[in-house]
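The first chain written gets the first letter, and so on, giving A, B and C; residue counts start at 1 in each chain.
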Amino acid sequence: MSDERVPIRSYKRMKEIMTMYYGMAKMSEGTDQKIAWITSGGPVEILYAAGITPIYPENHAAMCGATKIADSLCAAAEERGFSRDLCSYARTDFGSIYTKNSPVPGGLPKPDLLVCCNNICDTVTKWYQELQRIFKVPLFFIDAPYQYGMEDGPEIIDYVKAQLEEMITGIGELFGKPIDPDKLNYTIDISEKAAALWREIQGMLAHKPAPMNSFDTFIHLAPIVTLRGTELCIEYYEQLRDEMKERIELGIASVPGEKYRLGWDNLAIWFKIKELSDKFAVGKAALVVSTYPESFCYQAPYRDENDKLRSLAATYIGGYINHGLDYRERDLLHMVEKFSLDGFVMHSNRSCRAYSFGQYELAKRLMQKHGIPSLMLEADMNDSRAWSDEQANTRIEAFLETLAARKN
Amino acid sequence: MAIETLESIGLFQAVCADPYKTAHKASENGRPVAGFMCSYSPQELFHAAGYYPVRITARHGGTPRADEIIQAYSCSFARSVLDRALSGEFEFLDLVVFAHTCDTLQNVADLWRSNRPEVPVVIVSGPTLTAGKPAQTYFRQELDRVHGVLESLRGKISYEAIWDSLHLYEQHRAMMRRLYAVRRARPDLMSGQDLYWVVQAAQLMSPEEHLPLLSDLVESLEAENGEAECFQPRVMLAGSVCEDSGFISAIEEAGCTIVDDDLCMGSRSFLLPEAPEGDPMDALTHIYFSRIPCPAFHRPGFDPGQHMLERAREAHADGVILLLTKFCDPWAFDYPQIWNTLEMGGVPTLLLEVEQNVPAPAQLRTRVEAFVEMIQSKDEL
Amino acid sequence: MSAAPCYAGIDVGSATAKAVLFGRDGSMLAHAIIPSGGQLSLSAELVLTKALEKAGLARDAVQTVVATGYGRDTVTWRTKSITEITCHARGAYFLSPHVRSVIDIGGQDSKAISLAQDGSVRKFEMNDKCAAGTGRFLEVMARTLGLSLEDFGPKALIADTPAKISSTCTVFAESEVISLLAQGETVERILAGLCAAITQRVHSLASRVGMAPEVMMTGGVAKNIGVVKRIEQAIGFTLTIPEEPQIIGALGAALYAKDMG
């Protein structure tokens, strides 16, 4: 078997789609086409049903990270008084608003409204409060309370549903054009379809050897974040799924000679994504599942075909990171089993307290209760200023060595 | 100042010097003790259930045990309380109460209950959105749930009992507002440090114990004649510190008079609206929804900068000192807007980044002195 | 000796003590700088004596003394003490009324100050407790490398690219420097790396208060051309360096003393 890694063909299509998406959004700036800025876990179906273009500052911030301009944008936000300890996505985007520096020429198109759902963290709550102060446009806030227990009760589903209803009416009133319920139902359907595809693709990584790895899924995440609720999204993931099928049939491994299978917890380290992918590949370790991309195909246990909005509400309570540690432990174990994992890489992400605090405990439980080792990688998703290659390399190598010792 | 005033302040100071002594005493007398993480929990409900309420506070010193289970980029308050819990310092509590607030504490709650399962933990998972019907309905349901949990622990808790506690708390809050009013009018009657002995003691004592002492103090202060003579800049404190780690005295020694605050441990705990009569659970809901929203919450239309500017003006403050706990996101996000609004409103502002488990650094003094000079030069112009 | 009254500003720093004397007519009479020894009050005394000697004045000519700097409160015979933040701003504004920002790096602390149009302090930031990003750090490194402080800056400018020094903690950086030397790194590149490290710290202070031209740099480290050039690159403005940057705090203090009469 050759050690040559075979690139994923669909990548090119994805780049085209994303360029087109941002290009069209930018072009609609200043026209009648309305633009909304929305959090990654926000109910985008409502926007697509209303014909509003959604823009994802988080995705944009990640792009800035991957294109290595995030540091200077963060610095620009710090100059405005934002502490260096704040979420680097937020700082990156604030910096981009001030400087207009962005991979999207001229910066993101200005919003006509903002949509924030705190099912990922309450940092977005603060972030969108600030966006509202900057842009002075309406903010639709969906509160999805953090769930300390294992199951989401009916009260919380009702609470989120009631807010979604208010948002639907609110947007209709804002632009004097009520949202067509059929259109909304249809959008919810195709959004679910895309999520199901994304789920299917990720499930394919359970195959040994895995046809792609988590570093790839981080990159191929962009359409499910930004375009779920569109036909294009489905089209893209069908293509990607077919390519994965083909790779499995042909025995193409993402990491040739795959020896170890690992899970990843937390967001990507965007400015090192390629280097890390190579680093693990050299050590014959494939990262085959991650808690982060999983959250975009989260399937709520509650579902009611006759009440699509209530089902949508259940989905938007969110999964992994909007739940307590017992729930997260269960999820991680499930991943260990389904993907035959040898261990976890936990990105202890300075930017993200909601996601990171609890990792030490989870790593401890995985080891003590289930014998699964974890590597703690102290970093940040976007701010490279505290990153040290040497340190990270040493830790990764040492971790792989312990895995080797365990296998023997 | 009258001797009685001095004596009564001494009582409060003694309580602060040995923070959990009062709670221990209550415990010895057979009363269960509940520790609270944040002023957003409906203490009245727990009080009605018979609990003696105390605030869970940080303490000075390293946090080696907490460092094993939470990253160093967590705020010092979280790390310190966690370390105390892990060290068994809260073993005397019968109940630990968390309210849902920030991303950090939501994880701390979990870490606490999984590493210290001996003491039951109750989490009041209120909404982050504090406006609108859906959120109110949701909170009301959560209160009913907590009520149920408490009844399972303590037996029947009648609405009358809840009302009794509510009324007691309201009296106490009203008296605290009077204390602050005197403070604003006559900062010469006692030091800011004295004021915060009283304020801190309020977090460590049950209201029925604190209120009589407080009333005596307020009445004796109100009886003082004369005019305030104040040579020092009047300063309002704000921000995310939950207790005094020597900042108060350091700030005063550097030449400020603290006349008011917008602190979570201070005025924010008692600047609450009056509860409407009727269903006590609705009254608690009303309080939750109409208090000054802590930055960890979302209240549409609330403008933190404008709010602080108004508070500073009410207090006739010459400047505002913002105490920002390092790694406290909710406040750090609001800080630039607050700073800009205050500056535009002509109120100088100083940001002091603090750690709640270490004493005020010596350098703090230079910063505060420079700030005082800044205010004074402004006055001269 | 003449009996014309004069006004003194004394800046008792962690590394040096500085004195500036002003005459009644508003002219600067003399200044002096001495290393501050263990006993700060004594250094204050000595530096004042030295300045008086230069001006040819007797001690009783001194009408008012304003003390500033880290050791300001040890000067028991001061008329008043004022913080170094206010004094540096005043001194810098006196030298050039166009100054809107001041960066001061002394022996033990560094600060960034933003000035309003009238010269009053608008906003300021100071480094936190550790010595990283201060003059002391550079002194220790110069000693490790067997260099004089005077040679530090010019030599650092020779290198095209700085060596990467990841630690700004004095203790760690020292061992890092030694191991870089062992790896065959040139002294010039190491010096440039140290300047870059210190700049990073100061830049974050500066950006928190916001820099606007004219930017003046004060304090002893302003004499280090290597650091000056790097800060200029980082903040994107050229720095105005006064003829004697170390005395700006004392100058401000002397101006306040004169105000008091």
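Simple rule for what comes next: contacts are C-beta pairs under 8 Å (C-beta built on N, C-alpha and C of every residue); 3 or more make two chains touch, one makes a residue touch a chain.
What you are looking at is a predicted structure, and each value in this text was computed from that prediction instead of being measured.
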Measuring from CA centroids, which chain ends up nearest the centre of the complete protein set? B
Higher C-beta contact count, B-C or A-B? A-B
Separation of chain A from chain C, taking each centre as the mean of its C-alpha atoms, in whole Å: 48
Please report how many Å separate the Cα centroid of chain B from that of chain C, as a whole number. 41
CA centroid of chain A to CA centroid of chain B, Å: 36
What parts of chain A, by residue number, touch at least two of the other chains? 80-81
For chain B, which residues are in contact with chain A within the complex? 68-71, 73-74, 78, 100, 102-104, 106-111, 114-115, 123, 125-129, 132-135, 137-138, 141-142, 295-296, 298, 300, 303, 324, 326-327, 329-330, 332-337, 339-340
Touch list for chain A against partner chain B, complex: 80-83, 85-87, 90, 118, 121-123, 125-127, 129-130, 133, 139, 141, 143, 145-148, 155-156, 158-159, 162-163, 166, 324-326, 348, 350, 353-354, 356-361, 364, 378
Help me check something: in the complex, which residues belonging to chain C touch chain B? 70, 82-86, 109, 118, 120-122, 124, 126, 128-129
Quick one: which bits of chain B touch chain C in the complex? Just the residue numbers, please. 343, 353, 361, 363, 366-367, 369-370, 373-374, 377-378, 381
Chain C-facing residues of chain A, complex: 75, 78-81, 84, 388
